[in-house]
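Paired with subunit B in one complex and with subunit C in the other, subunit A is shared by the two complexes that follow.
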Partner chain A sequence: MSEPTNDQKPDLVESPEEAASSGTLAARLSLSHRAGGVVVPVLTVVLAFLLGGLVVLATGHNPLLAYRDIFDGAGLNWIFHPTTNVQSSIAAYNLTQTLLQATTLIFTGLAVAFAFRCGMFNIGGEGQYLVGLVVANWIGVSFSGMSTLPHVLFAIIAATLAGAAWAGIAGVLKATTGAHEVISTIMLNWIAIYTATWLFGAGGPLQTTAAGQSTNPVSNDIAHSAELPVIWGSKGFQGLDIGFFIAIAALVVFWALINRTTLGYEVRAVGFNPDAAAYGGINVKKNVIRAMAISGAFAGLGGAVDMLGYLYHYGALDVQNSAAGGVGFIGIAVALLGRNTAVGVFFGSLLFGGLIYGTTQGLSSNVIQPELASNLTLIIEGLVVLFIGADLLILYVWNSRKRLRPQRRAQAPAKAAA
Partner chain B sequence: MRGIRKEFPGVVANDDVSFDVRRGEVHALLGENGAGKSTLMNILYGLSSPDAGEIRLRGKPVSFGSASDAIDAGVGMVHQHFMLIPVMTVAENVVLGTEPVKDGVLLDEAAAEKKVADMAKTFKFAVEPAALVQDIGVGQQQRVEIMKALYRNAEILILDEPTAVLTPQEASDLFEILRRLQREGISIVFISHKLNEVLEIADRITVLRRGKTIETVPRQGATEESLARAMVGREVLLRVEKPPAEQGDVLLSVEDLHVRDDRGIEKVRGLSFQVHAGEILGIAGVDGNGQTELIEALTGLRRAESGRIEVGGLELHHASARHTLDAGLGHIPEDRQRRGLVLEFSIAENIALHDYSQPPDSKYGWLFPGRLVERATGLIQEFDVRGGGPYTRAGALSGGNQQKLVAAREIARDPKALIAAQPTRGLDVGAIEYLHRRLVTERDEGRAILLVSLELEEIFSLSDRILVIYEGEIVGEHTGAVSEEQIGFEMVGVKREVPA
Partner chain C sequence: MTAWGQGLENPVSERLRDPASTGYVALGLGAFAAFLAIPPIEARSPTWPIVVGIVATALGIWTASRGRRRLGWGAAATGLLGIGLGILATRSGTGNLESVFDATLIAQTFGLATPLVFGAIAGMFSERSGVINIGLEGMMLMGAFWGVYGSDRGGSWVVGLLVGMASGGVLALVYAYFAIHLRADQIVGGTAVNFLAVGITGYFFQQFYNGQVSGQVSTVPNVHIAGLGHFLENSIGDLSLLTWASFALVIVSYVVLFKTPIGLRIRACGEHPRAADTVGINVYAIRYCCVVLSGLLVATGGVYLSLGPQGNGTFIFDMTSGKGFIALAAMIFGNWRPAGAFAAALLFGFSSALALKLQVYSTQAATLFSILPYVLTLVAVAGVIGRTVAPAADGKPYAKQ
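Showing the complex of A and B:
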């Protein structure tokens, strides 16, 4: 048979035709993943930053200065050891805040990525995160008599299970009635948001017992026994807690689950080709439910880590703010940019964590208007999602770079024949 | 086209290929999957550019930067997968891109329909211009594709495996059309790997193998054997050598099986049969007469309404796919890309599709990728799967190698009974030969083999016993000599004895 013995196949095999015809979402994503490797994500980010820079330029400001300030605002200048102690401590503080933000995004990014690997689109990261947050707050406040380790574990495990159960509802609906997970997770988001608003709101069961909170109702602070240890910075100023390392551990767990367990094998088989999975003896419905639950567990764990790590309490207004484009949704961008892999989610989280915090903190008004600054994050985030969706276009641009050098290729045959 | 060379990373797809077409000629381009036929035609059609070599059209050198250059120069192509817009009419599809307009901007629907109707009449296409493409059959859609090319004044028409999607009747209609086009002076390039149809339609035949031109021969004097040899590069046994069967115990038994399809229609109606060890039982029938539902019920992928299924004496009552696998039933599914393989998985992962949850592949839910690779490496060698190693994505393999991979997995589980559904569909002669020989070998090993195929030839050359299925019932059983004609009648529900 005249098949190439090399693993590399001609470009033509990866024709758009194949891309369009091959079944599931996960299969299509994997196709573009192989075709693009690390090129597409990197190029995507570069392009997004370039276009974002044009927007800054259009407002009459210098994009390079703006990006430098975002860089500094995210605390990344800490790496270069700023000269004065004041600068250094500000940079260090900024970096801890970036890492806190990234921690959350790792969890919500993993939630989206895990469901993707099973061929599903979990848009409910927001709701699952919120459920985890509420449960962790409730346990953190209520069981104040417990000693530290059991209290923390209790809160984390309960919140994780709550997130799993919340997403599991969408899984069960899909497996039993065929209800699409995009619709059901969005609806579950709103149920979670309004329930949390009521719980934390004026007169709600979780509203603080302290006086004078009626205009902006918040919950009680969790007991000290439920707090996660802060390792960098001080507790009073929202220092970095060990939640960041829990997130790193979650990345490792994600990787191992997907690549080194029979559960992950089943998830991937169902994600790529449910027909072949069923033929292989895999219970597809069971996997749909289980993958959604695990996906929700990651988000729920994220809520618990944030609550026990630095939030300590939550308010009805916070719920409303997060509902308008919060961490659950940025998690989608993180997972897409990270190609649904553990390593990719890690870098995606750092990028978006840095952007979010950098644009809110670092920019002085002579570099860019503050109101434009935070929108710059949204612009870049939107462009990233747009370009990731248009990865075939990005690949085309990338490949035509090679096409510009036909002479070199014409000379290649002689070498190959030798 | 002369001295065409095209390289892709790691593979030379065309190496010094020369090819010419004369006016009013049907020139067949024959070769196994991956021999470079499509690459060559994509170059001619302007979809990719050659690294070396030249294309001359009517004596003048040309260079096509895109498909539209080629179309302008009078080259048309009908792809294997049609490029039609289902919600538009035949006429709209045909004129798409070069629509007749009225009042400067509006599509002149009437003019378009008239033009297309005229064309259909000239070439006797029997296509209704006002019909929506989604409402017409595959054979007609193909004609729409041909009309699209003709509408753009194509003088050279490239057909990429045009009969792959057609029924035998539609294929012979297509050949009629091609002969009419030929008389009008249109040249046709006919890409195929089916020997019989090439011999039927082509004036000259060019054989490609591993990206090189092997030979160009006139139809006169060419035989299936000589072409097969040129394609594969060695002698090919088109008939399987098969020692007489030595039957053993009943390993697969079906009794009064009733199965409904997704719409609730009873597709299998009271089927009963037995397959013995060391026997190949062939089930012949026209597509859609309950074969798919029968296989799905046997393999636990569909719940049977009623009836009894036994594998190796073990009754499978509403068993899951997992249970039938464990009972010793192997299954080469009819659609290897949709069912048989996870194309995105590596070869090693595909080999593990049934056994990933058991040692040695895994223990306590922990997967050992190294062991998967180890097992796959052995099977790749034993079953001669070419085109990659254990880490290669299954989707990157050619059809023949994908099917070998499926066969390797199923046979390696040492099944008592093996169901082979359309085991050689879409494969080239080399792969067909291999799989046929393998099935006979496995029969001789003492497995019970149930062969379900739409290809009568395959049924005839492999089966020890033939059942004919029609509307979910067995309408004929044959062991000894029987004519293809007799079975052909039974397949369409005519219970007529052909006079011997």
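Showing the complex of A and C:
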């Protein structure tokens, strides 16, 4: 309850034990945000990679070589201008795939970050993303007579609204009955996963209508009029589409919404302290539902952009494969690492985008197989969330940094005197 | 909780006038409406389910009008659902009906409820001591994988059980350190534990088994009971040893939590840690023990998943698929009490068993039936019937002064 205000009472922040034990999630995250800057996320990532490396080492692989291969797999060696043309084009291709993956993570990361700002933990990004994907596929396949711009807009808006509605269920349940959003969003994830499996599965309503494909559990391809233009690479090989710029735009919208609007002010106020917000005349229930819906809208938009940008179709097996450790969950690590800010989410999604692609399809290594390395991504993700969640650790790091500074200042005059 | 508590103090006549009792009667009638149309009663005319269902709905609305709105509307909804299900059942063929509603449905209910019972009781110990354990899912997954590993390397399911339990305990210890000592946010920390478990089990599953367990490992045996008659033998005559262990656990945990000094200490830490500390209880020690115990117990549920009759000695990537969270919901639905959690776990187990059995109607829609337990969990946490009361200090880190 006694959340210290940094500006007025700087001495209170010196005791992180008290600061960390009170206040809501958003208030605590904000505190560590003020406390840490970029040092703590960087330290967290380094620590997570170190521990991940230990696991690799313990199972008899060389962690340095493994990480170098993952780095190359993410296409980051493209920056260093590989010598041969073949290497260069492989690296460029890998980099486009990393950016495609990062695009998705920007959306799911923003979804988690927005709910966090309202003091809620949306771990249903996976389901909301899937709902957006399904709706975008449905609209992209049907209405094939439309011209490009209206068709794309229609699909994107419908998918965004669907994502908002899906997350809104959890928001409404939280506001009216107090059901914890962690459990309700997880349940909504599984409902979305099984429903999508049924929709795309053999005999399902969205299964392909192509001849001789009646047992193939995938959807139809969306119409050409619904596809987003590709800007880097070729369409047939999953080139980078303009979805990346839609994601950048979403980052700007997130920043403006949170920092420059009344809605954002109310959402943040509820996140800091719901009681104080209610006392100040803010409708807490309305904001809980609203924040959850906007959060789901980001994830739903992400699903639409992926579907129209490069997936074009989706299958029951894809749904099942993404059920654990999918993009919705990595979005949590992205948002936490990015301190729930737009800039942070951008860099967090680049890191995890590279990590995901670099440990799966992009990886060609004789040190560590992709099947093994993809799990390394999950371990690193878990460690990042674990360390970021321990804000006492963060505050300790920050405080020791602060404690070092006056010592240096004290040493400086001493040297000058000598 | 309050309704029952008042009921015990008041005379029977007053209890009957309480709208709550009418509400519970309506709830029972609503379920009975659907029950009429299925074996063993199996009414073939839709009249009876409709009549009983309408009575249940009417009683529910009456209860709602007398102030018990949540219970009343819940009962009314159950009545309508009963009518719908009853009509559906009378329309379907008797052959299908009898293959769905037979004694093995009971056996499957117990079987599918077992990991949930372990999980719910595990979560209860942790939360009663004041630590929210969202990481149940991950600890269960650890138990499932390392149980197979232990059974494979040790050559016996006993080794598997011990290794599996230990793995859950170790992960719980890590979580306890972050939640209790570092005072990390418990929801975020628990989620991290879940991610870690998926990564760790996936990594070592690939490293040791290349993604598939080859060959048969020793599994937890079933307890065969003969001479009970056809129905009982099919329902409880062939349950897993761990299923029986889960029944025993419910009773033991009730006794430990509510009838022993140690249980009183655990509950004190969850309700008012400062007061507990003042009278000399070591809050940190109690919380560490409870979280680790919670990890051991939920990992037992995980071992059941992989080494029990359903898994039969195999592990699948992320095989818990939300069961840890359903167990958590069962604990909340059961109001942080062993008997309540057990009943809720049975309800979720029943819905899973029903979803499996309903596949005889349509293999195509079988996937769709799988959402039944998740929908039910959603309805349960939303609290259709009565509000639940969490331990007062649940999820709040304790800083010693």
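The rule we apply is simple: the second predicted complex is superposed on the first by the 363 of 418 C-alpha atoms of A that agree within 3 Å, B and C clash if a C-alpha of one lies under 4 Å from a C-alpha of the other, contacts with A are read in each partner's own complex, and residues count from 1 in each chain.
What we mean here is this: a contact is a pair of C-beta atoms (placed from the backbone, for glycine too) under 8 Å apart; a residue touches a chain by one contact, two chains touch by 3 or more.
Source: prediction; values computed, not measured.
In the superposed model, C is the one of subunit B and subunit C that contacts more residues of subunit A.
In the superposition on chain A, A:A304 makes contact with neither subunit B nor subunit C. In the superposition on chain A, A:G264 makes contact with subunit B only, while subunit C stays out of contact range.
Judged by the touch definition given at the top, the superposed model places A:G204 against subunit C, while subunit B stays out of reach. Once the two complexes are laid over each other on the shared chain, residue contacts for A:A277 go to subunit B alone; subunit C is not touched.
Of the two partner chains, subunit C is the only one that A:L173 touches; subunit B does not reach it. Once the two complexes are overlaid on the shared chain, A:L188 sits against subunit C while remaining clear of subunit B.
Contact with neither subunit B nor subunit C is seen for A:L161 once the two complexes are overlaid on the shared chain. Shared contact residues of subunit A, touching subunit B in one structure and subunit C in the other: 17, 21. Contact residues of subunit B toward subunit A in the complex are 5, 7-13, 31-36, 38-39, 42, 48-49, 51-52, 81, 209-211, 299, 301, 320-322, 325, 331, 333, 338-345, 349, 352-354, 356-357, 362, 365-367, 369, 386-389, 391-393, 395-398, 400-401, 428, 430-431.
Partner subunit A is touched in their complex by these residues of subunit C: 134, 178, 182-185, 187-189, 191-200, 202-204, 206-207, 210-211, 317-318, 321-322, 325, 328-329, 332, 364-365, 367-368, 370-371, 374-375, 377-378, 381-383, 387, 396-399. Residue ranges of subunit A in contact with subunit B, taken from their complex: 1-13, 17, 21-23, 26-27, 30-31, 34, 259-266, 268-269, 272-273, 275-281, 283, 406, 409-410, 412-413, 416. Residues 17-18, 20-21, 25, 28, 55, 59, 121, 123, 173, 177-180, 182-184, 186-191, 194-195, 197-198, 201-204, 323-325, 329, 332-333, 336, 369, 371-372, 374-386, 388-393 of subunit A are the ones that touch subunit C when the two sit in their complex.
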